[in-house]
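One chain, subunit A, links the two complexes that follow: it is found with subunit B in the first and with subunit C in the second.
Showing the complex of A and B:
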């Protein structure tokens, strides 16, 4: 089963309005200028408690059937997923170890063999379901704001 | 009463998780703390939360402020009932769950015996007493308690003990 790019793009655009509203309120920089059917990606800039900048890319192919691949990248996106791009406090794989990140699933090489990609919208434990782009942004913002320094 | 001379507050897991969910609802559009007032029954050394009330709080700056009018409206909901004001839960953005000086001085629930529970991560991951900051107002001021279980206990709110064969419409002939 796959999701056509135009369907994913429509879903992303629909949710991105709320994510952009949250980002603006939290003083995050959202960059979605190059978003299109051939490029289902957008970028967010976060700041940790020490004022260090971190960039995350949301790669949303086959969204919303599957969650995005959320990865820390360099500002120019030439480097991805290295420990020095991660804030302290994240899973040292390194990985954003949440159901909303495709990379966290064992079937995609991640640490979680106990999760199924199709169930990505389920809540973990007693928490709420993080099932929209705005909630993903909000969750990452909380975690990064709480952290200090880089993973390496 | 517990060793501090205040009642032990009990809340069902369903109301505890609903509290967390309501707290998180304050943070859906911007990073913002939230507050939920806990009302219930107090009988001797046991208090039981029965009712959650969200005051019309001002959270424009990301922190919770409640006006006299907003608090009066919250109390108005339980006027004429056997319910009493037991305390509140409010959220913090990260894992830090101690009261700030503002929490100490401006919380509405400032009366001896009041409980104030600080829920981390805006309530996003639920309300687990082991991860919350539990504070009691004793002797005219708030203090964070170390023995959480002596002040806050989470009770089962629901159980379905039917066996698998007794569950679900598919078994109905």
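Showing the complex of A and C:
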């Protein structure tokens, strides 16, 4: 089963409006200038409690059937997924270990063999189900804001 | 004044000698809470300044259905985290101020 790029793009654009409103109010920087059928990605800049900047890329191929791959990247996106790009407090794989991140699933090399990609909208633990791009942004915002320093 | 009841239930307090009332907006991951959004909200972000931040968090959660107790809910003004035990007055929240409700899911 797969999702056509134009379908994913429409879903992303629809949800991104709410995510952008949240990001603007929270002083986050959202960059979706290059978003298109051939590039289903957007970037967010966060700050931790010490004012250090962190960048995450949302790669949304086959969204919303499957969750995006959410990864910490360098500002110019030339480096991805290294520990020095991660804030303290995240899974040391390193990984954003939430159901909304495709990288967290064992079938994609992540730590969770007990999750199924199709169930990505289920809550983690007893918390709220993170089932939209805006909620993903808010969840990351909350976690990064409380962190200090980098993983390495 | 809008057609809805304010969260504080003291809609007339901004007139005369009642307590000072402030109205503001709260951006959440599920939308904006304001004097006219969402249309069907049963509460509005209009409070006497003596109200604590925790009451605002409780009300905005009820408006948008954030019922999960194990999630973390934080109210911010830009980058500034607002202490739930402090009052609106202690932060000099002014009419029209935009606040943010940050919602954190559970940990895996």
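Following the convention adopted for this analysis, the second predicted complex is superposed on the first by the 152 of 152 C-alpha atoms of A that agree within 3 Å, B and C clash if a C-alpha of one lies under 4 Å from a C-alpha of the other, contacts with A are read in each partner's own complex, and residues count from 1 in each chain.
Keep this in mind: a residue touches a chain if its C-beta (ideal position, glycine included) is under 8 Å from a C-beta of that chain, and two chains touch if they have at least 3 such contacts.
Bear in mind that the values here come from a model prediction, so they are computed numbers and not experimental data.
Q: Quick check on the superposition: with subunit A as the shared anchor, is it clash or fit for subunit B versus subunit C?
A: Clash: subunit B and subunit C overlap once superposed on subunit A.
Q: Could you tell me if A:4 is touching subunit B, subunit C, both of them or neither one (first, second, both, neither)?
A: In the superposition, A:4 contacts neither subunit B nor subunit C.
Q: Between subunit B (first) and subunit C (second), which does A:98 come into contact with in this model arrangement: first, second, both, or neither?
A: Only subunit C is touched by A:98; subunit B is not.
Q: Return the chain, subunit B or subunit C, that is in touch with more residues of subunit A.
A: With both complexes superposed on chain A, more residues of subunit A are touched by C.
Q: Which partner chains sit in contact with A:53 here, subunit B, subunit C, both or neither? Use first/second/both/neither.
A: neither
Q: Between subunit B and subunit C, whom does A:17 touch in the aligned arrangement: first, second, both, or neither?
A: After superposition on chain A, A:17 lies in contact with neither partner.
Q: According to the stated criteria, A:112 is in contact with first (subunit B), second (subunit C), both, or neither; which is it?
A: Once the two structures are laid over each other on A, A:112 reaches subunit C alone.
Q: When the complexes are fitted on the C-alpha atoms of A, one of 20-28, 74-82 or 164-172 in subunit B overlaps subunit C. Which is it?
A: 20-28
Q: Please identify the positions on subunit A that touch both subunit B and subunit C, taking each partner from its own complex.
A: On subunit A, the overlap between the subunit B and subunit C contacts is residues 18, 21-22, 25-26, 124-128, 130, 134-135, 138-139, 141-142, 145.
Q: Touching residues of subunit A toward subunit B in the complex: what are they?
A: Going through subunit A, the ones touching subunit B are 18, 21-22, 25-26, 124-128, 130, 134-135, 138-139, 141-142, 145-146.
Q: Inside the complex, what are the residues of subunit C that reach subunit A?
A: 27-32, 66, 68-72, 74, 76, 78-79, 81, 98-100, 102-108
Q: Enumerate the contact residues on subunit B facing subunit A in the complex.
A: These residues of subunit B touch subunit A: 13, 17, 20-21, 24, 27-31, 93-95, 121-128.
Q: In the complex formed with subunit C, which residues of subunit A make contact?
A: Its residues touching subunit C are 18-19, 21-22, 25-27, 47, 91, 97-99, 104, 112, 123-130, 132, 134-135, 137-139, 141-143, 145.
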